[in-house]
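Take a look at the structures below.
In what follows, chain A forms one complex with chain B and a second complex with chain C.
Entry: the complex of A and B
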């Protein structure tokens, strides 16, 4: 049943003009960032060649900035994609219909989350395939760090989708859900600034920041703590969203 | 009203409990944990006591039961999630996917770090974020290095601070600039600058080896004093070195050998040339891979020319005159460092040190296989070495040595490929005196140089890392095609599909 709901969620998005407009905007911004980063990298490389110096390494000069750009895009676009997950059902009155069907609330939550994750994965890996294809066709990139970066993006998307689903379950308004997701994820992202300090605040920055737990993937390093943190984050958000939906059922 | 107050108090109690629980996981050493626990108990207890009728009614209702169940489930779930993260954090698992394993330490380093036993070793890095992209790059590089060391060394406690944000900690450690790393075990500490795998490993090994090392200042030839507090003595330098963990002691070279615990010997402005036995003692010390710092005044005779020559160093004739400095110090014969060399001891220094009348340091003829010379500090291109400083006006003559001139140079002795000590030579001694060390750049420069000299022993040879892999070559046409695909074709395709779907819905409606 989970797969059925996930497939339905994905198909609804693929049949919605709004989802395609969001995808187009996403790809345009992503394309702009890719072109700029690529141009800067090639320019730095030719400058170094003129000076008979070694150019920038591909990993730190191109793959890491591209990964950072993709992470920021996820942070900015995820609220727009997740806001309608349950908020629209609440506003449209279809949630009661969904809950009265022979489907458990856990299946609804997991199905909707997987559906959104599938859509975002399509955007990330099908729409965003141009960058890795360019690197493979015109260069000799290290493939393992690229796979690590892809894993990082997938885990970040999973965590942000779960957060968006929770916000959408908490509010009947799509706008409120989007704002809550955006402010929470941005707040968690910016906690990284505390990391430079001292004492408990630095510890909060180190342990609580989304940025701290996602940046090493772009550098070709997969840290077990980061993987566990992102999975745990998604788990708690999904659990809370499930319980919120449960409360609708007994009400 | 009472119920409202009780709920606010209860909310504050719950907040204290949540903050306390989070702190218990992330910063158990926090001093206020007991206070938070007390606040949580008092807050939640007051709420339960004052709002009991409403609470019992709510708890007895179906909604209350369900909410409590849901709340408990979420709390348990969050607890499991936090426990999982803490568990994985304590048993670090990392996969370095880079082909050159650039996020991991080399096998030899890992071997040394794993073998370290005993009390934990603190590694404190002071790297600011600031707005400078170079500083940000250095910080990122340090964080990668620190994290690789922390993973490989179970006895290491690695922390990073921004000296601008953590000012109290920076003041406590005596850190005044970015890029400083302090390695400490108990009361033994080492400082390194511009750290890399090699220098950090060496610092850790030195701290782990319980061997006291000191700086000896030569006496017996009219050198500068380390005990009398005058403008020309070296008492401030002694204090600076003590902060580095290096004890400074006088050493009468006419009577005794250089002790085995000596890391560096300073010979500062001898008024009488050193006698042959003293020089022989210094040579023996250098052959043990010791560090020698020689600072002579213009025109004075140190008697060390032959020893300096073994490191490819010598003092040139004349007094350094730099017209560019006149506008800053008002005196062209107090040369200022215009640029620093690429040696690790001075690589990141920016602020110009000022010398108070100096002879130039020159490279003398030597066997390049037996010694390597590094220039540490240079004058501007306009400077020259004035052979007749008394003459007026001071202008560059034909026989004068033309700039840029070396103010400080370092010579590494390695006859037959074996390290045999390092010598640093300066043509001025006043910049090391209490007067000279009033200037912060002078303090930074001498501390860096002596810190480097003190680290010449305990060397572990690490092979250089292979160059980073990966390349990309695109011509103009390929860039245009990729740009068109990224900016026009892909987004345009999505927008075309959106329009098609919208039109189809419109037609269907």
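Entry: the complex of A and C
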């Protein structure tokens, strides 16, 4: 059942003009950022035969900025992609089809989440494959850090998809769902500014910020704490979305 | 096939369904009739698992909706008042999706979709996007998704609501076609529709059951406080005096050619007692002075 619901999410996005506009914009911005970052990297080491030997590490000079750019794109675009997940079902009256079918509300939540995650993964790793392919063809990038960065992006996408799904379950309005996802995810991202201070606020920044828990992936570091934090984030959001959906039977 | 016991549903302080008991036999078409706010939609939403009851129990095809929810929901198809349709899917795609959700086996899915489209006259629009269909066709797609898995129970909430007369007739024909194949519970606020389409009708008012039965049974149940017109060949005044002495007769109105009684109790026994007294005066006919429509209106709104 989860697969059937996820499959519909994917198929509908493949024919939705809005999803194509989002995908086109995403890929255009992604390509532009790659060109800019690559240009800056080459400019910084112009004339050098071997950039790494000239003191311009590929990891911090290219892979990390690219990873940060992709993370920001996820942060900006995810609310647009997730806002319709359950809000549109509420508004369109199609929720009764799901609730009256022999499908559990948990399966509905997981199917919707996986459908969106599948679509975003396509954007990230199929549409966005140009950058890593270019690096592999024209250079000799360290593959392990690149895999770590890919894992980080996947986990961030999973966490933000779950947050978007929760916002979409909380509101019947797609616009409200998008705004809630934007403000919550940006707020959690910007909590990192507190990290530099002292006291409880610094702890809040250290432990509660999305940025803090995702940035190490860009440096090729896969920290168990960060992986657990992101999985727990997605888990809690999915659990809350499930409970919200279940509560509709009792309103 | 459907057993509802002591069903209660509250929305805060408002009691939408108040201790409803209902039993629908296999293959029967049961109509839920009542004015807006009578509790029809709430009852149907509970029957199909979209809404939880505050208390009481529901059994669908032998499965308890609370403890065997998945099996109970697999046994039913539901068409809400607003058909649950995805405008961005074609008719065939949507029915395929509905069949998947209803756990139709992969090998049978294509046939199930084809059969549902054929049954509801959708073959000609199978590749059209649902968002481009007329109201009548949308309602047919709604019905097709409800029966794609050949459920034992069909729950239809005001299936003809918002349709033009031709579409209404067509939808009634479709439902009549399903008679005997599935047990059907449908809601309507039109008495004529309920009595023409359903084997039995349950009248709801204020979340409570007012009466249940066939047209004749309803008439008998709704007679309480209603009027009966008696025609006799004998002396009207003497008969009127004799009838006035019956405990079940509240008042007697003597006319030129007939007597009109207002009853205090509307049981068949009461009618039998009245007829037995009138028989001594050459009873010609004894029938309700009001049509079923008036009885229904008085039953759902005694004021």
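Everything that follows uses one rule, which is that the second predicted complex is superposed on the first by the 241 of 251 C-alpha atoms of A that agree within 3 Å, B and C clash if a C-alpha of one lies under 4 Å from a C-alpha of the other, contacts with A are read in each partner's own complex, and residues count from 1 in each chain.
Definition applied: a residue touches a chain if its C-beta (ideal position, glycine included) is under 8 Å from a C-beta of that chain, and two chains touch if they have at least 3 such contacts.
It should be emphasised that the depicted structure is a prediction, and the values quoted were computed from it without experimental measurement.
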Partner chain in contact with A:229 - chain B first, chain C second, else both or neither: first
First (chain B), second (chain C), both or neither touched by A:203: first
First, second, both or neither for A:12, with chain B first and chain C second: second
Chain B versus chain C as contact partner of A:98, first or second or both or neither: second
Touching partner for A:24 - first (chain B), second (chain C), both, neither: first
Touching partner for A:158 - first (chain B), second (chain C), both, neither: neither
Contacts of A:4 with chain B and chain C, given as first, second, both or neither: second
Partner chain in contact with A:59 - chain B first, chain C second, else both or neither: first
Partner touching more residues of chain A, whether chain B or chain C: B
Intersection of the chain A residues that touch chain B with those that touch chain C: 15-16, 250-251
Parts of chain B lying in touch with chain A, wherever the complex brings them together: 22-23, 25-27, 30, 62-63, 66-67, 70, 73-74, 77-78, 81-82, 84-85, 88-89, 92-99, 102-103, 128-129, 144, 160-162, 165-166, 168-169, 467-474, 478-479, 482-483, 485-487, 490-495, 497-499, 501-502, 505
Of all residues in chain A, those that touch chain C in their complex: 1, 4-5, 8, 11-12, 15-16, 92-104, 249-251
Residues of chain C touching chain A in the complex: 11, 45, 48-52, 70-71, 73-74, 76, 78, 80, 82-89, 93, 97-98, 100-103, 145, 155
Touch list for chain A against partner chain B, complex: 15-18, 20-21, 23-25, 27-28, 30-32, 34-35, 38-39, 41-42, 45, 54-55, 57-59, 62, 127, 130, 134-135, 138-142, 144-145, 147-148, 193, 196-200, 202-204, 206-208, 216, 219-225, 228-229, 232-233, 235-236, 239-240, 243, 246-247, 250-251
